[in-house]
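For reference, the structure I am asking about is given below.
The first chain written gets the first letter, and so on, giving A, B, C, D and E; residue counts start at 1 in each chain.
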Amino acid sequence: MTSARPRPTAVNRLGSMRRRVLPALALVALAGCASNAPQDTWDPAGPNAQMIDDLQRPVFAVAGIVGLIVAAAVGWAIFRFRDRGQAIPKQTHGKPVLEITLTIIPALILAVIGVFTVRTVFDLSKTDDTEMVINVTGQQWWWEYDYPVQEEFGITQPIITSGQLVIPVGTKVMLRQTSRDVIHSYWIPRLNGKRDAVPGRVHLNRIEADEPGIYAGQCTEFCGLSHANMRMEAVALSKEDFAAWVAQQLAPYESPADGLAKEGEAVFLNQCVRCHQVNGLERADGSPAIAAPDENVVSGAAPNLSKLMSRNTFAGAMFDLLTPACRRDVWEASPADFGSKYLAGVSEDCLNQTDLRGWLRNAPEMKPMYANPALLAGTGGKYRGMPYLALTESDIEKLVAYLVTLK
Amino acid sequence: MTEQHAHEEHGMSNAGYVRIALILAAITALEVSTYYVDFGPLFMPALMVMMVVKFTMVVSYFMHLKFDKRVFSVMFYAGLFLAIFVYAAALSTFKFFIA
Amino acid sequence: MFTTGSKFFIGLSALGAVSFAVFMVLVNPSSIGATALFGFVPAVALAAWLALWSRDGEPDESSPAASAVPSPGMWPFMAAAGVALVLVGTITRPAVLILGVVVVVAAFVEWTVQSWSDRASADPAHNADLRGRIMQPLEFPVLATIGSAVVILSFSRIMLAVSKSAGAVLFIVFASLVLVGGVLFAVRPGLKRSLVAGVCAVGAVGLVAGGVGGASSGIRAELVEAKSEGHYTHRTCGPEKDKYGDKHALLGVSSRSAVIATVEFVEGTLVARVQGNPAETDRITIPRSNPSSIIFRNKTEGDFRLVARLGTAPVAEGVVEEVEQCTQLIPSGAEQLLTLTIPKPSLEPGAYVLEVAGIEGQSIEVIVP
Amino acid sequence: MAIIERPSAPATVPAIPSASLGALKRPVTTQHGWRSWLFTVDHKKLGIMYGATALFFFVVGGLEAVLIRLQLALPDGRVLNADLYNQMFTMHATTMVFLFVMPMVSAFANYFIPLQVGARDVAFPRINAFGFWAFLFGGIFLNLAWFLGGAADGGWFMYAPNSGPVFSPSHGVDFWALGLQITGIASLTGAVNLIVTVLNMRAPGMSLMKMPVFTWMATVVQFLLLFAMPVITVALFLLMFQRNFGATFFDVAAGADPLLWQHLFWIFGHPEVYILILPSFGIISEVLPVFSRKPLFGYPFVVFSGAAIGFVGWGVWAHHMFASGLGPVSVAVFSVATMAIAVPTGVKVVNWTMTLWGGKLQFTVAMKFAIALIVLFTVGGLSGVTHAVAPSDTQQTDTYYIVAHFHYVLFGGAIFGIFSGMYYWWPKMFGKLLSERIGNWNFWLMAIGMNLTFGPMHILGLQGQPRRMYIWTEARAGEGFFNLAFWNLVASIGSIILAVGVLFFFINVLVTARRGAQAPLDPWDARSLEWMTSNPPKEHNFDSIPTVGHLDEFFHRKYAEDHQSGEIRKVQGAEEILAEMERNKDAHIHMPSPSYWPIVLALGLPVIAFGLIYSIPVAIVGGLIVVLGCFGWAIEPSTARDEDVDPPAAPSTEVVRHG
Amino acid sequence: MAELVQEHGAQHGSTGISNIKLGMWLFLGSECLLFGGLISTYMLYRGRVGEGPTPMQVFDIPFTSVSSFVLLMSSLTMVLAVSAAAKADDRSTVLWLTVTALLGATFVGGQVYEFTAFYNEGLGFSTSLFASSFYVLTGFHGVHVTVGIIMLFALVAMVRRNRIPGSKSETVEMIGLYWHFVDIVWIVIFTLIYLIPV
């Protein structure tokens, strides 16, 4: 007296097969190499990322195979044992032997994977082969790099830059990462896995590039409003180009002689210097202009703009200083002549006027930040990000002319 | 104290409880003495042992865990040891135990 | 002729008049207080008249249940006391005012439920049980809270008033009194209830009296002095031992995970190691305005203290003061933590320095780019 | 409180105690009317209310998800600005985890554990009612933030310095923290309640190894809840003290270590994700054998692997923190421990597949959801194993690959399990069969939509798109086959299909409610104890508590196995079994009476929470309500005296109200 | 009538274990996790005193050890109350419950004194991490003891007014279990926080 039950239609059986195949297909396709988005984690360009990739590919392969086996087994069971009117099957309660074997096999596979994992974990956390140290500090929505004094690389004075991390090729660089406000995470996918930058702690991150080029990265620990716009790029230069870069960064500041740039410097002195530091800039009375971001910004720091035009991004590497054409020219340069193209910096005609002027006109419009003076009670009146400065168009004209000279 | 067990179905007599209380008071006094007398290297283990002894005495006698069904002990000690294991592991990642 | 309601209001207006007189004569007669009290008296008198006229709102006298004599209760008294407290509160401290309001509200609620349940049915036992069922869920906890609050507050006020050693002794005495009392009453069950109640009442009154006395005499001198001078809140950073600041120095650091560098004072020489770089160095780089913790480990005989000299900062208008942060004096083998936040960059070398107090020539430079 | 004023009629009638005017009478015990729902303590009514509220929050969470996908469909999206997007994904995650899947687990557990173990109700019925109302008020309180200055915007895990008063100034995080405290209390009381029910109130003869698998998995879940909830309560208290009372727990300038929050949260967090998935394992371990017409393959293995997952779940929490600088030794230990958890999960998948093997499979909608769970959960589980390997986790953590992993495991696993359970038990709960035709639309649209939405997220993740990114730009999307632009669009379209799929479920519910056919007594020829009751079951569940002889007791009463030929004959139908139970009906059945106090006590909690944020006097009033609720509850006997009920229940009801 | 008494006695499940006792032990098992979390937060931050006073500068060991004695004795009187309730001797149950409550109130009075003294010596709630975690841990324990005292006093009132539904001795035993648990938590706190210097 079994009650009536809807018969499974043909369509369902076909559909169930198709639905099973799609995820398996996606998994297999992944195993193949895919070099597309700039932050592709399957396209290593440094020994650390290569170590991770060598471990990652076999694990994906094993996972793909196991997935296929399960899908095939379920698919076959659905097809073979569907209800074709046969008698009620034998009430079997299970075969312990089969159970135990199908428990031990995955355990063994995982044990093997485990051995390789532990070995790679310890390889990736070695600190005794460090050749160069760079202090990386994250704060709300941009990265600051501080190159401590290291004679062997010609760094006689600390160099402070932001946005783009310039490193020599083939050198084992150790990043000492920390943060000034919330937790961020420094990640250049093609060079190494990510490490969190936690305030109050110093975490070590091994970075090394095999050949010159530019490698994109992004903050990957949720850090508030503009978490999506807190980007960074690693620029690998050959040893000679890196030495040239260091010399360029340490070159003394020369104030522009006259014209629009001179007036721009004056505008900079009475507006921007409250937060931004330009090494060597002096006030009218000759005293060095020391920026005081700790009085205006919660994190107590603002990007150092000396030698701004030697970098080709600004505002937390969110906007490019280069026009799209010049940018593609630098990004797709061959390793051989990449160095010279990058060291050329931002020339007059390559300057991305629209973004830079838009930023000077109204920064919070371009990048969401806590810059509304009315809502700053929680942080004691201090901004989180660049406020709206209400600059006149002529001031912006002068400032752009001045900023272009910071090479 | 052993003759106490079979004596009463529902745990111990009042005198038995008072005796347990006196023992606990004595251990507490000993613990406080560690503040005045210097026990040297023996300081930490002694304190820990005394704490555990007091803990188990109160749990098994005053709370009747020793005379009740086993399922109560399983439930309580499961929570206790889980807490000890989990928080010890967490503290060790903070480099708490390394000298 | 006088119904209960009207009696209450007449009493109230009389009380108002008396307090107005007292207020005008004794307390300095402020205009607000005078108008408030003066206004209060006629208002309540009007209410009294209304109650008299409408006979407390009773439509008719005939129904037997209604005419049952309302059981005697303390709530009219409590209501009046509450109102008095409110009045006193307007003059003295607001806390008394709030207490008065609470008492009035409580009395009002209890009184209404009491009078309502009296007329619920003819069987007084059932009425009492009914009243209990409504009010007891709130009465038990509130009474329990008041009871424990009285004991806790008065006991703590007493302990605060007496000296430190006397406090410990008093604590033992009071606790053993309670315990011995309990044992005595338990051992001799024959005691009459009134004797037990009497002893408890005496104990309670004694405790409350002690509490009020303690509260009025205020906190003992050492604590007041400790609070005013703030003995333990700021340390002097000189080589000699600060009487309060360096007492019971911390000997260890609980967790060493959030640390950027360790500074060791080994046999007279100051050495620093930076997190992640085992090599010894004499300079530490700290990012600007970024809180960084440094462990100071003393491996030299004698007590030493690590001092961070963080340049000068304008304190008042034109006055510039040396800024320094330091650990406590710690013996050999101990370690302490120092958390530095340096907002300004170190422009010329030697701007920020870590030194051991009293030892010249040994220093670790702190670079803040 | 049904305070009734004195009747105006002349009170000459002698007032005898029983007919007197009462106050605080127990609420009415008739079956229908809104009062029977508001003050019920019946585990079935509470289960249905849990389920309905959870489905409502499922729709709320689903809409939040669709808004997120619309914002990310095209580059430089304009749908949501940064702040609104952060609130949206925080509330999407919190709503789905805390206000949909956990209450749905409570719904199934509350409804079916007593039925499956042969009890008449849970151990503490009024605590059960308090649990539901506390959850409901907690959920409403959590979502009040939307209207009072913006919801929480720190991610569902709310990492430390960012959730502090300086970096999240709005009250959103306070509402989040206090809302979760209230739902936490609800889960904790529910856990104590159900564990005591399972351990203490099983039918005679039902040993632990004869209990249905759903009850086993739900019990493991309640133990996880029992021990995990206090840990997040500590974390939330520390956060609340930091935000509202000036404590310095996560203030780095005072020397704090932000990782303390991560540890406390994830010690709760990882057992939490097993709390979400194990009940669905239990449900499909009930559904698969019924529609394969053969018992579950390797019952002891499935049970022990469930317990093993619950136990080992406590030792793996730091795999959420591989990139947050724990140091190589801890990372290696937790990486290996996380791999160890894959073994018992593998055992389960093997046993389900073996259950299908050699069966007589009927592809009802419930069966389709169950089979889809096996495959989709396996995909999610395997992508989980790939980032149990710590080094590759440093490449994958906080990217969309992890979003794909946990959506395959949570949507493909937990939610497909829940839908399978709903289709399977709908006739038991409501007496009507959900239509298979609309059910098929519902299943296929959800299956395709789910794969279209979360499949591409594997690709987005491996192409380096981080989580919680409110916007992506054309310039950095890449060109090749695996670029971000195309797959973001595919995922967004998939989410629309998914939403339509879920809509079909609600259509199915409405159609069935209006025109559905009355379900037969045993529609699926099922196997376990809950089917030995009428549809829907009477208020006291079983007329006579059955003595249990075997696992799958109902099947063994219906069928006899001829040992020589192994042939199985049907000996009696469900109707005869039920009639027999009705014949020797228990005389005295004492059902617990409805009560006001659970809802009063539950109402006090949000008032306290509201007071803590806005004004302390309100918190004191809330405290007073809670105290009143507690002591009113303590004074009230669980089964009311006859005259306590208002109006006094007619003595002739079939269930003798014990006087 | 016998059947009536059984009904109003403790609801026993089919296994003969009392439901409410099993529920209470489960609740105590989960409370271990709660106090474990607070104690490990304190152990983590006990060394972080910033500019404020260090633990041993403010702790008054003699006073605190007396309060530990008091809580221990209250555990004894609680056990006596439970055994009296088991013997249905209402008078001594009420007596011992009152003594336990008074001893508990003395303990909490001592804690309120201790907090006021520390506050005056400069240990404010947000002075340092040590201060915050110390106040939260001992404050949580203090609140649990205070709730226990209120339950004890209310229980005294309910026993005298015969307002307890279900079996009276079991209710007293449950509150006894809660009180002993609060006592053993103080045993752990007293040793780890007060006696082990940083």
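Keep this in mind: a residue touches a chain if its C-beta (ideal position, glycine included) is under 8 Å from a C-beta of that chain, and two chains touch if they have at least 3 such contacts.
Computed from a prediction, not measured in an experiment: that's the story for all the values here.
S.K.: Hey, what chains does chain A share as contacts with chain C?
M.R.: D
S.K.: What chains, if any, are shared contacts of chain C and chain E?
M.R.: Chains that touch both chain C and chain E, as defined above, are B, D.
S.K.: Any idea which two chains share the most contacting C-beta pairs?
M.R.: A-D
S.K.: Among the chains, which has its CA centre at the largest distance from chain B's?
M.R.: Max centre-to-centre separation from chain B belongs to A.
S.K.: Can you name the chain whose C-alpha mean lies closest to the mean of all the C-alpha atoms?
M.R.: D
S.K.: How far is the middle of chain A from the middle of chain E, if each middle is the mean of its Cα atoms, in Å?
M.R.: 52
S.K.: For chain B and chain D, what's the span in angstrom between their mean Cα positions?
M.R.: So the centroids are 38 Å from each other.
S.K.: Just curious, how far off is chain E from chain B if you go by their C-alpha centres, in Å?
M.R.: Inter-chain centre distance comes to 16 Å.
S.K.: Could you list which residues of chain A touch at least two other chains?
M.R.: 198-201, in rising order.
S.K.: Give the residues of chain D that touch two or more other chains, as numbers and ranges in rising order.
M.R.: Within chain D, residues 199, 226-227, 231, 252, 254-257, 259-260, 264, 327, 631, 634-635 contact more than one other chain.
S.K.: In chain B, which residues are in touch with two or more of the other chains?
M.R.: Touching at least two other chains: 71, 78-79, 82-83, 86, 90-91, 93-96.
S.K.: So, with touch as defined above, which chain pairs make the list?
M.R.: A-C, A-D, B-C, B-D, B-E, C-D, C-E, D-E
S.K.: Going by the contact rule set out above, which residues of chain E touch chain D in the complex?
M.R.: 7-8, 11, 13-15, 17, 19-20, 22-23, 26-27, 29-31, 33-34, 37-38, 41, 44-45, 48, 50, 125-126, 128-129, 132-133, 136, 140, 154, 158, 163, 165-166
S.K.: For a test of understanding, state which residues of chain B touch chain C in their complex under the given definition.
M.R.: Answer in residue numbers: 91, 93-96, 98.
S.K.: In the complex of these two chains, what residues of chain C are touching chain A?
M.R.: My answer: residues 257-260, 274-278, 285, 287-293, 343-345, 347, 367, 369.
S.K.: Of all residues in chain D, which touch chain E in the complex?
M.R.: The touching residues are 123-124, 188, 191-193, 195-196, 199-204, 226-231, 233-235, 237-238, 241, 245-249, 254-257, 260, 264, 590, 631, 634-639, 658.
S.K.: Which part of chain C faces chain B closely enough to touch in the complex?
M.R.: Contact set of chain C toward chain B: 254-257.
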